[in-house]
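Presented sequentially are two complexes of chain A, the first with chain B as partner and the second with chain C.
Right, the complex of A and B next:
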């Protein structure tokens, strides 16, 4: 293998790592909380908020979400050394405020942990006794945690100590008060202004890549478990990848098999009207939104009031027996696949015809074509045996750009025709913040694109002798 | 282009009926609408006893404890059994696997249950208290990954058996709570011998398994058992989906359809209860989310029933005489309602205190163009919501009246609250914290729901006439909820789903639910309302509690933390080849097992 391809290979490997990192960070950094999604029921039934927080923290711990994101992060000296997970953004912000104000990370951490412990104690007591005193104390505790101003805290302490109904909570109060005094009387606020790098070997990326509570790690080809359904992502995506890739590759194949000869024929014919018609078709096909095309096809060919030829949705008839052969299944599925395949293909076909036609016309003006004509070769031979060969490498290069576009466009087609592909899953994963599934899909799409680029490079390398010789 | 032109010509040639959408009054009955059978059976109608049911999405899984979507619950209604369920005709709780509704014993803080003798598992074993104990252990165990559901079981302590009455047991609770009985409607009873043949959990008590420091965590067999139980395929592998219900899942093509088949010789076959009779041989839940596709599928009679058609789709279908000939269809009420919530306690910096004055809130409620919204979005069938409880519910305060549109009164209220157009720019303004603030705010809505965007646009136009500028900000669900709970909004629009179960107002209206960043988005609440909510929670006596409920509803309505908009409509269609059609207001809206295929031979076949 020559240097050029070796360099490309190195680039692909580097791209692969970039895809791995990108897929992880895009998935985890989306706004919104995946755990809130999981914990929210669709029915309204009473759950106390502190209970919700405690359950959320337990779940976060079980799933490894309470860990830092990556091996290191840039922060201040005040914020390094201790990691703590909060169930709400509000508490996270207040913790950060305390750290910035007082700087002594250990004391702030201990205070926050004691507050969390107090939450759990109160929650358990509340379930047993339902005393308004517990609610009052719990409310005060929340107030303390939600407000970092020292003056507020002093008045809260005074209130707790003076209120006789809260006598039973004095020991708990004392613990918190002592922790608070240590925190506030030993401030090192300057630490908030000294940058530092916090390092943590036990982090979410490490779990995701090397193995953690929910998976054996990407390094063992385990994509993890779907947050939402509990299913292994590998088995969840197996069939979906097949459908999405199947449609995408079939569409590309049809577009190229039909588009290239069609474009060559048009150029050969040299018919201006035909040329105009094809350009118009290409422009329409390219401009028409996929959804609109799908709906038009459905209303034309799946409508009992017009032509009722094809089914409206699905990929196969219901109840198709498992005992039927693959060929039999494919034959039964064909009517279901026609309309979605047309949707996948038509704009791609328009693009290929248009681009091939333009490239061919460009070729026909080059000196070697003039020479070929001078030698006495007919137009058909010139177009099909000479010009077309030179147009293939740039056309094949286009494949690399087309492929990710098709995957993206498949979302609409899959939703419209109820195709169980990856497009549908991407939307659901985004909406539900299903981070393992989302990162898996981005990863697979990214790697598929890299593989496509690699195959295209190899194909172009083989097709174009100029690349071989210049590399040599 | 030619194709498109041809299409447009063809479409314009197709004649449409001028008939208005045939929607019956949604108040035929308080709780359900019964549709009598038609006296014909069309030749084009299928005669197979398979019911094809359209759904928008498939369930997350069919795991007995660890799933959470409504679709899962709906399907498990046919495959599983529960101690308690809902009588959809009376909207009251009723016994299902239990002999009757449990009785609360104040002396020992227990509920007494008795199991029915008839229920049998698929292997012929009778339902027993062993199964009930096992079920509660699994649901409460710290190793089961059903964190979202555990809070609802925290009140349950133990199950006490009565040796002389093997089908009876007592459920011990910490203290009586209004939803103690209702929650059993969401608990699928598990067969101990199927799931835990070695009785690994038998050595632990209910409180043991619920303990944070559950000793079973040190027992490898127990850990492995739960690992297996929690594994994804427990909710997907059809061989593992065991239940005492009349149907069994036999085929599941993910993203496509799920097939339930009627079990042979099921114990409910001889039941005298109509609600327990299961007529369809197969029920197929077919996923079809696109409204255009649904329109075509119903025209082709490919679906037999649906409760999730869009308003526009059903309204369009009802214009078609052939559809009306083939299907029953109604817009029915539900126990869900839409609302717009004010942020009554903003931080004052990122969000100005626009809505802390009750006159302003009332004014904004009076500026909603309710009639226009009803006509455009709900096709005239919308039912107004007056307070936090749906008008169909037994505890609804009938004296509450929904706010009506009143432009003049609204302007008067705004002026009295200090909002005037001092600089004549067409926008109201006021001095707040020594700054002149224009009356402009953001309305958060869920992205992707066209009806709500339309509603928001109509409201925005109406507000503009009064000098108020509202920007519509669509957000996806997780972001919307995060902002709502952290009070990072001015106003938001959403919907609450409720049910026939007794109301516990804590989650939405207790002040602690605001301070803890819960679902009390608006900041409603004070010591009086909190005390009333706390009393309601633990008042078991229905009559006493209903009175308190009504008082609470008045409190909320008077304070106006929300603009209560509309009761959500369910759009139901059922093919007329089925009889016994009752459309219920409580979800899911239809009981598919009770739809009975009519005998074509009994009718003179007709063609359209």
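Right, the complex of A and C next:
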């Protein structure tokens, strides 16, 4: 193995890690109402119900959303180690203000948990009995949870204890008060001013990568579930990858199989008009974006007013019988595939023909061609057997550069022709803010690109003996 | 022959640049009129009077419609060859005068295609030029850094690295993290700014402490050890990271997180388009260094900034120009593709891509496909032509 090749491949592992991180940071995003949506759909809890926030908190805890994002986190000494999910911004602010003020993270954490516990107890009581005292205490609790960092709490405690209507809540008050005293008696406010690195092994990246409450984890090829349908993303994308990959690989195959011999033939012919035509073809292929080409093709060949030869969208006839064999299915869907395939191949073919032609013309000036001529070889042998072989490595490394563009083009083509592929899915995921699906598609397309780059590097290394000898 | 094409391309690009700069004066629904020798724009009453033939004082722009403004009488894709109607002041339906004809037809809601094309070109060109200028600046900085320092690298001692790491950490922590609530309130506009003095005070004290620590750590032998950081290698790695996710998919994803406006899209494109440019600039700077005139510059005592600004950057023109033009074309194509998918600047903004997307929906409306398509095609073709020929001539 060559050291330069190994270095390059190591770099790809690095970029693979970057793709994983990008994908993760998209996967943990949430549209504002995602939790509300899930609550409504899965547990049939309406927003107006009294225990809504607690249900939301419980849901967040079960989904693991209340965990920190990553293993390491920069924060202050006061904030390390304890994370808690709050359904409302007020409580969250109060919690972080308490941390700043008193600096003892464990006690603040325990206090916050006890407040939440009291909230839950009160809500359970509220369902059974409808007493004004419960409402009153609950109001006090809300006040404590929202303002305890800013107000003098001693007066609040005495007020609650002296209130005769709240005698039933003495034990609960005592628990909270004790916790508060523990928190406030030994403040370490200096801790908030010391920077620290918080470490936690139980975090969302860990869950996402190695498996957690939301998914089996990336290493088990589980990318989570779609927000809106609750479907597994891997099973959702399985068929779609096949369509996208099938189309783009077929397009690459056709472009290279037709394009390279065509270019060699043109260079061999040395016809000026043909050259001009190919230049025009290349320019058109460059300047005609796939969406324009697609719309023009649809207008010409799938238009009831002009020629209605090909169907305009989908990949198979609607009422196709499932009992038909695979060959039969393929035969039935051929008219559906022709226009998209032309779209895919058109600009790629123009690019391959023009680049191969330019590269071949460059090769024809080199001394080894002159030698071959002097040996008495005919033009055909020179072009096909000598020049073409030398052109192949740069052509294949060009393939790596255009592969991302092909994936990008597939997004547009699939949306235009309603092909059930990944490109179609990413547009829908974007429009509906379906972040798990979006992250999965980014992961897959990123990895496809990296694998393509790596394969091309290896292929060039195999095909070009000069790289081996230069390194040795 | 080739020169003719080049001239035509330059002419076309100049034409659309003029068109897009003067777009509000070329396609505008509001009439212009002189009010005590001052040019003003007015509105609707006058338009109706003019249509009824009662008032002829002011004048209309060349295309008397704005993009995206519905013309209910001529709505539904409406061919340029059809008669256009309007309701006159008596409420009768009558044929619109020639001056107010939709020369390129209308789209589904009745907005004028000609105005849409003009404003679409304006958006496209603005995004493309802004994006490529941003990309060029990034590429120049990174490419020249990596090319110029590729041989020597930068020698940095461990203590300096530690110093910078701690400094950045301290600035983030004391400047932002512990005052994050205050910052939030400051930006929402209901807080005092006295905490800024706190931050300043803490940072001054901390910087002095860290400086003293650095002085001490310079004495320690293993921290004084220097390592060779080659910007070249770092930039290669960063470039590698940027090209590992397909560009269109990355842009589509980013457009979800930012409320897309023309400027934001331009910045996103700019932050993604610099990779090719920086690679080429780096190679060119490396080549220049081999040619020897830079060594003679160093020998004659020019400072690094003088060498870079007077000798390197002017010499980069030939390699940068074709790539810049191709980059413009790529941005225009990708941005149109984005709005073709409905993920661009939002449904209110008419662009070439959104007009083409409408053409997809109304297959019999050839004018929705033809005019935006031709404008897009010719623009890209002339950019390609210019870039290509410069490339050939430099070879």
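Before moving on, here are some points about what is shown:
Simple rule for what comes next: the second predicted complex is superposed on the first by the 293 of 472 C-alpha atoms of A that agree within 3 Å, B and C clash if a C-alpha of one lies under 4 Å from a C-alpha of the other, contacts with A are read in each partner's own complex, and residues count from 1 in each chain.
The criterion applied here is as follows: a contact is a pair of C-beta atoms (placed from the backbone, for glycine too) under 8 Å apart; a residue touches a chain by one contact, two chains touch by 3 or more.
Everything numeric here is computed off the predicted structure, so don't read it as measured data.
When the two complexes are overlaid on their common chain A, residue A:203 makes contact with neither chain B nor chain C.
Contact with chain B, but none with chain C, is seen for A:59 once the two complexes are overlaid on the shared chain. By the document's definition of touching, neither partner reaches A:215: not chain B, not chain C.
Look at A:441: by the touch rule set out above, it reaches chain C but stays clear of chain B.
In the overlay built on the shared chain, the residue A:433 is in contact with chain B and with chain C. In the overlay built on the shared chain, the residue A:303 is in contact with chain B and with chain C.
In the superposition on chain A, A:231 makes contact with chain B only, while chain C stays out of contact range. Of the two partner chains placed around the shared chain by superposition, chain B and chain C are both touched by A:295.
The wider contact with chain A, measured as residues touched, comes from B rather than the other of chain B and chain C.
Once the two complexes are laid over each other on the shared chain, residue contacts for A:418 go to chain B alone; chain C is not touched.
On chain A, the surface patch touched by chain B in one complex and by chain C in the other comprises residues 284, 295-296, 298-299, 302-305, 312, 415-416, 430-431, 433.
Considering their complex, residues 1, 3-4, 7, 10-11, 14, 60-61, 63, 66-70, 145, 147-152, 154-155, 174-175, 179, 183, 230-236, 251, 253-257, 259, 284, 286-290, 292-293, 296-297, 299-300, 302, 476-479, 481-482, 485-486, 496-499, 501, 504-508, 512-513, 515-519, 531, 534, 537-538 of chain B touch chain A.
The part of chain A that touches chain B in the complex is made up of residues 30-34, 36-53, 55-56, 58-59, 62, 88-90, 127-128, 130, 132, 135, 138-139, 142-143, 146, 225-226, 228-232, 235-236, 239-240, 280-281, 284, 295-296, 298-300, 302-306, 308, 312-316, 318-319, 415-420, 424, 430-433. Residues 11-12, 14-16, 18-19, 22, 26, 29, 74-76, 93, 96-97, 100, 192-193, 195, 283-284, 286-292, 294-296, 298-299, 302-305, 312, 404-405, 407-409, 411-412, 415-416, 426-427, 430-431, 433, 438, 441-442, 445-446, 449-450, 453 of chain A are the ones that touch chain C when the two sit in their complex. Contact residues on chain C toward chain A in their complex (touch as defined above): 169-170, 172-174, 177-178, 181, 236-237, 240-241, 243-250, 252-253, 255-257, 329, 333-334, 336-337, 340-343, 353, 356-357, 359-360, 363-364, 366, 369, 373, 376-378, 380-381, 384-385, 388.
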